[in-house]
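Right, one structure below, let's go through it.
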Amino acid sequence: MEHASDNLIEIVDLDYSRGQRQIFQGLNITIKRGEVTAIMGPSGTGKTTLLNLITRQLRPDRGQIIVDGVDIATLNLTGLYELRKRFGMLFQQGALLTDISVFENVAFPLREHTKLPNRLIRHIVLTKLHAVGLRGAADMMPAQLSGGMARRIALARAMVMDPDILIYDEPFVGLDPISMGLIVRLVRKMNDALGISSVIVSHDVQEVATVADCSYLISGGKVAASGSPDELSNTSSELVRQFMHGMADGPVPFHFSAPNYVEQLLGRDTE
Amino acid sequence: MQQTRSVELGTGLFVLLGFAALFFLITQTTGSDTFGGSETYTVSARFDNVGSLKARAPVAMSGVTIGRVSTVVFDGDRLEAVVTFEIDQQYAQIPEDTDASILTAGLLGSQYIGLQPGGSDFYLEEGSEVQFTQSAVVLENLISKYLFSAGGDDED
Amino acid sequence: MLRELYYVFAEFLRTFGALQLFFLRLLVNSPSIFVRRFGLVVAQVYNTGALSLVIIMVCGLFVGGVLGLQGHSNLARFNAEDSVGTFAAFSLLKELGPVVTALLFAGRAGTALASEIGLMKATDQLAAMEMMAINPVRRVLVPRFLGGVIAMPLLAAVFSMVGLLGAHLVAVSLLGVDTGAFWQQMQSTMDTRDVMEGVFKSIVFGVLASLFAVWEGYNAIPTAEGVGRATTRTVVITAIAVLIFDFMITAAMIRG
């Protein structure tokens, strides 16, 4: 199949600041169609903010975000909602609606956006739940689910409208090894089986390495390094090395800025 | 889903109860002489002094309330008070030469209009004006009248 | 010092303006939601109204009882015990019914709404809806607002009715007022207009209480502490606003 471009999402020269903090400066990222792209970085670099910019919940100060050849800043409200329907997003805590059952949660986008008959909705929901292995939990309430289960249900919900792009916001945080392995396998399986593209925002280097085709490491508001997981672990950049190998000290310092140690102990810093 | 059904039932009962309460309040707390609803016709009368007559004061004939005062205004040209009141449509045979006085309910009660029937064969209609009126009795005038007349007698 | 006052005032104005725009947004979206997503509104009328019935009825009964007691004891000084019915009806229908119900409503339903919405915000549920191209204002906020506006006048009516029955219970059964006199005196003094004034007030208070609850929840800081604070603020702001509006409406109605 020929596509207009191999690049599904292009982020060009992005600037974004919140208050005094400059979060992104001249950010350039390309997300290729059909691939699993990871966006990594130390805590607080604004990875979730980047996702909000891609879905236009926030607007950049400068620069462009182009999805499938269309600059999203030019979209009107209808176009924006159409765009968002093409994304499936998995939030960090699952973000299931707590007052309705698991089945209803997965069925939610279908009920809101389509006029499909109940029979068909039932088919689709059960299929998606089966894909994540939780068809038996259909009648439970979100409060009864464990973290890993909630996240899998959220994945089923993200997939129910058959999106082109699946976005995962920190999908591995706080999971036990079994659940983690499960999610990792699901991410890869979904991406390849459904022919879609996936974007994972995470700082879990090990898990990401097993699943991503291409990774971007963001630091200081820019892309510090990019490439396949192998390329990144063999890099010469110190910053990248510190991050990829989890070293305690390096370009990202161990000590938070503080006055001179000796001076402070001797009480001379307050004079 | 079972959950929705009981919610709907509960809501239905609640709304029903609410309206029942409203209905109770309207019917059980207010008197039956609400002249807002029934058909009425408007009549006016002029007085030198209306005392403390107010809007919504009753209009009575033979002691029975047959209407309500709607407005009390001052006529700047003829320098007197003009009172308009509504009479219930079922009492449409009040003679034209009826007398309208401003009376007090009880010793210190609120004031109302008392109608004393005349003998004419023509009846009051929408827009008629009662010709024969008696103003309210003002307590101070009554007292000073009594005082002066009593003082005069003593001089004999 | 003056500069700080200016900032505080400017911030107040800004929030006030934002509140007005928010209110407008709710109003504009209300008709279509009421018609097309009636089920959502029904569920919210249940949440705010039906579930508040118990507290409203219990409080109404006791407030009415107190009116019966107080009314009787005070009117007895003028030998006017028979007017206790009128006294109770006036107090309940025109003032206590709408106001006390509004305060109880803010405490029970207002806090529930604010905390529920705040929690949805804190757990990203609202953001998730936006991502699924569903407008959270229409789906979450408007039904709750409408539910409160519909429930409040009904609750106030129930409060007044139960209150009157409570007053009757105390005055007639306990204190020996003649039941005929109780109702008769009341009926010859009260007017449909009086009842309608109370209903009007309860509608206005319903709008205020629901608006503030939904507003605080939607604007809560998405942390546990933030939601808690939003909940307390709901009660405080609703109480103050209800009492201020009560004064204004009563003054307007007495003059007009």
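Per-chain residue numbering starts at 1, and chain names A, B and C are given in the order in which the chains are listed.
The rule we apply is simple: a residue touches a chain if its C-beta (ideal position, glycine included) is under 8 Å from a C-beta of that chain, and two chains touch if they have at least 3 such contacts.
In this text the structure is predicted, and so the values were computed from the model without any measurement.
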Pair of chains whose C-beta contact count is the highest in the structure: B-C
Comparing each chain's Cα average against the average over all protein Cα atoms, the nearest is chain C
Let me have the rounded angstrom distance from the C-alpha centre of subunit B over to the C-alpha centre of subunit C, please. 35
Averaging only over C-alpha atoms, locate the centres of subunit A and subunit C and give their separation in whole Å. 43
Roughly how far is subunit A from subunit B, centre to centre by C-alpha average, rounded to an integer in Å? 76
Residue list for subunit A, restricted to those that touch at least two other chains: none
Scan subunit C for residues touching two or more other chains and write them down. none
Quick one: in the complex, what on subunit B touches subunit C? 4, 7-8, 10-11, 13-15, 17-19, 21-22, 24-26, 28-32, 34, 36, 56
Complex contacts: residues of subunit C adjacent to subunit A: 119-120, 123-125, 127-128, 130-134, 139
Quick one: which bits of subunit A touch subunit C in the complex? Just the residue numbers, please. 55, 57, 81-82, 84-85, 87, 89, 91-93, 95-98, 108-109, 112-113, 161
Residue ranges of subunit C touching subunit B (in the complex, touch as defined): 39, 42-43, 45-46, 49-50, 53, 89, 93, 150-151, 153-155, 157-158, 160-162, 164, 183, 186-195, 198-199
